[in-house]
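Two complexes follow with chain A in common, the first pairing it with chain B and the second with chain C.
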Partner chain A sequence: MADTKILIVDDSAFMRSVLKNILEGAGYSNFVEGENGNDARTKTDSEAPALILLDLIMPETGGMGIIAELSQKAKVIVISAVGQDESVNEAKANGASDYIVKPFENDQVVNTINKVLGL
Partner chain B sequence: MDLSKFKELYISEVETQIQKLNDNLLALEKTPEEKSILNDLMRSSHTIKGSSATMSYNHMATLSHVLEDIFDNARKGTLALSKGIMNELFNGFDALEKSLSAIKDTGVELDSTELSEKIKVLCTDSTKKVVSKVAAKTPTAPTKETDDFNEAFLNKDQTIDEISRVKVPIHRLDDLMDITEELLVNKMRIESLSAGLIDPKTAKSALIELKPAVEQLSRLVMDLQFNVLQARLVPLEQIFSRFPRMVRDLAQKQNKEIELKINGSEIELDRTIVDKLGGPIIHLLRNAIDHGIEQKGTISITAKHQKDYITLVIEDDGRGIDWDKVITSAIESNIISSEEGTKLKTSKNQKGMEKLLFDPRLSTKGEVTEISGRGVGLSAVQQFVEEISGRIIIKSPLEEGSGTRFTLELPLTLAIIDALLVRVKDQTMAIPFSSIERTVHVEQKDIKTIADHETAIVAGTDVPLIRLEQVFKDTFAKEDEKEQKDGPITVVLVKRGKEVAGIVVDELLAQQEIIIKPLPQTLSTIKGFAGSTILGDGRTVLILDLVSLLSYISGH
Partner chain C sequence: MIFKKEVLETALRASGVKVSEAFAMLAKGEVKVTSAEVVVEDKDALLEKILSREASSVIAYSQLMSDINGLALLMLTREDALTLVDILNQREVGTTGVLMEIDRSAIKETLNILSNTQLTALSKMADENLGLGVPYMMPLNNLKLVLSKIKEAQKIPGDDSVIFSTTLSIAGHDISADLFLVFNKEAVEAATN
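Up next, the complex of A and B:
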């Protein structure tokens, strides 16, 4: 589990640090980071993560439009401050395994990830 | 989860986003049809919302949420951003910023419920109007509220936060590391050579090798100093980024149309200079807006690298300075006699006229400066420039009665030291911190006089005392009455190598960073002073030169 590679995509370095900290607390240690949708695409190909935590609202390329593509290559969990049902439904229809709304509880993040990874 | 360790990252990220919000909304004012700016504005608010909610700063989160909604609606075309809404948005940015600095200082955010509600209502009202196609024209004249807001903002912005952190490029830190390593090697070399001096067999060769080793040391120390000064450089951007907002608000308040052009904000200067530069530039900008530009015009701020200094040019195309009126005001303020004034009006001696413009007595009279076109705070600007050994050049009018150009020549780096300011009789003096061992109180019974010289016993050791009023007899006012104290005296222990001496002072004033200015040529033969510095209040203070002071002691 510790070497499960997780790609964290968020334009905020603060958010990435917080997420990483939560995951480290749950025993994960293998992280790759991305700042926008393009980053997410490139790093999914070059790093082959098992799981992608994806923000939606980011500069240049956002998250929503690439879920379909990314979910072919890895499990995708959306983590976004956008909480509307339409957004959740759209993301899931595009192939997201789950959807976490910011602000989140630590346990919620860890449980969702473990569930999606089948742990 | 303990989020406190993320606080710094949160603050710096939100700071950046708030600056982006300001920049982008200013840009949107100029090009309202640009949809991509609205996207950026929405994204920045959204990021602040998410991060703030994660940190449980709920007021910040709510406020950025309502801002995000406004930008989202504007993006979709369901809300028109009127001037009134624009002002409220800026108001919102300021509230975020204030709350953020409260978080920085006290760890607690500010309550912004009222403002959030207000903006929310504003948004829904206007949305309804647009949706129901009620073409209500929003008033363009500033309302009472926006006036208050402008006032608050401008007051706040008269001071720009001191720069407390600098970003240092990695390669500069690497250079410093390299030098440090070389210094360590050099230190070991000198240590082993000096150990070799003791043994007569190795003494001679050690002595010969010592010279190049010490030369290397001095080169390394110079390198170190250079690199540290480089690391202190910060881009002018840090203060320039404030000005578009400031000029916009001031111009709007006076119903003027002013374009601000900024060039060279990437240029780097010493942190201390950049810190001090904000106030003077604000003075010059305010002058240009209040007195220079009448209805519509352009102000430009241009920073440029010259050979070994930076020029900062602040220029406007408003009405130029009316020098005759400056002279008249100077006569009215009793700065010069009317004969001198008449003479100056004929000779048009530029130096003479500028001197009047910078005279603090001229700038205290509000209505006088109002008609002279310039003046408020100019003496403060000049004082700043002198403090950092720079120069100020005025050209006005630039052509046919219009346009004013202030050119500030600023040194690239400064010789800055930490010093202790002390009072000795009627004089304030600065003692370089690097030479100070500590300060002590000495009881009268522990002071002995041997062959005309005073010695104090400090922790069992005899320390020669230096009384500055005796060393520099001419510097001090003649004493009417001997200020003979019975209680303990304050002594600053200074050392150089193994020599220790105590400087007797009357009062310890402050510890602060000072900028060393060399003594003028005419005074350079005077022993005992390393230079002078100008304090924040404009007083010139001499800096003690411990090398010559200590040799004064041993010479006796």
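Up next, the complex of A and C:
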């Protein structure tokens, strides 16, 4: 579990920090961070993460438009404050393995990640 | 007037529980919405209300990504903003004296969550597609520019503004947050340029 590389993509440094703390508490320790969709693309190619936690509303390149591309290379879980059904359905149709609406319970994040990784 | 006041009030009531739950998760403590009010203002009243705020107010904004042009503006007093970031970062209240990048990020996330919760409720009640763009912080001078643009748009009908005033009690600390929804194309252009 500790070796599983997770790419956290969110323009909010605060939210990246919250997610890292939750995952560290669950035994994960191998993280890469990105601030937007361009970062997500670059770091997916250079770091080959097993899992990408992807925000949707970000500057420059948002998350929704790159889910299909990223999900060919790693599991993708969307973590977004946008909770409307249309967004959830679109993300899953594009290839997201799951969708978590912010804010979230710590257990919800850990359980979803473990489930998607098959742990 | 884009939304009827009854619809706005119902949306605010519906979102109250969700807002409490949202901040309880972030703050890891008990959260209550102690007061919530909808105010619908024309542009002159909106200008007066915003300009009467303390000069040190902390302002975050985001563009409405929907069929309706507009901005969401979150305003907090500096004291409430400092208290909020201490709570969100699990620090003793009173620790933060200056907002650092991570603190500004926490305030932008507050705008993101508070306004998305209230807009989702409003979206369902009014059957309108309402979403938010990327949140940013705005210096007071930029807000004044936006306000002057709103003022210039006086003759455009049907772009009233809505204020959701919410006071949260988080872990025993009262934090008042005003979410302004400004339905005005010129305001969007001024803010985003």
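What we mean here is this: the second predicted complex is superposed on the first by the 119 of 119 C-alpha atoms of A that agree within 3 Å, B and C clash if a C-alpha of one lies under 4 Å from a C-alpha of the other, contacts with A are read in each partner's own complex, and residues count from 1 in each chain.
What we mean here is this: a residue touches a chain if its C-beta (ideal position, glycine included) is under 8 Å from a C-beta of that chain, and two chains touch if they have at least 3 such contacts.
Quick caveat, the model's predicted, so the values are computed rather than measured.
S.K.: Looking at the overlay on chain A, is there a clash between chain B and chain C, or do the two fit?
M.R.: clash
S.K.: Just to be sure I read the superposition right, which of the two partners does A:F14 touch: chain B = first, chain C = second, or both, or neither?
M.R.: Both: A:F14 reaches chain B and chain C.
S.K.: Using the superposition on chain A described above, determine whether A:I22 touches chain B (first), chain C (second), both, or neither.
M.R.: first
S.K.: Of the partners chain B and chain C, which touch A:P103 in the superposed model: first, second, both, neither?
M.R.: A:P103: touches chain B and chain C.
S.K.: Based on the superposed arrangement, let me know which partner A:T42 touches: chain B (first), chain C (second), both, or neither?
M.R.: neither
S.K.: Now for A:G83: first (chain B), second (chain C), both, or neither, which partner does it touch?
M.R.: So A:G83 only meets chain C here.
S.K.: Counting contacts the way the document defines them, which residues of chain A are shared by the two interfaces, the one with chain B and the one with chain C?
M.R.: The answer is residues 11-15, 17-18, 57-59, 81-82, 102-104 of chain A.
S.K.: Show which residues of chain C lie in contact with chain A when the two form their complex.
M.R.: 22-23, 25-26, 88-89, 101-103, 105-106, 108-109, 112-113, 116, 120, 123, 131-134
S.K.: Under the definition above, what is the set of chain A residues touching chain C in their complex?
M.R.: 11-15, 17-18, 57-59, 81-84, 87, 102-105
S.K.: Across the complex, what residues on chain B touch chain A?
M.R.: 1, 3, 6, 9-10, 13, 40, 42-43, 46-47, 49-51, 53-54, 56, 61
S.K.: Of all residues in chain A, which touch chain B in the complex?
M.R.: Contact set of chain A toward chain B: 11-15, 17-18, 21-22, 25, 57-59, 80-82, 102-104, 106.
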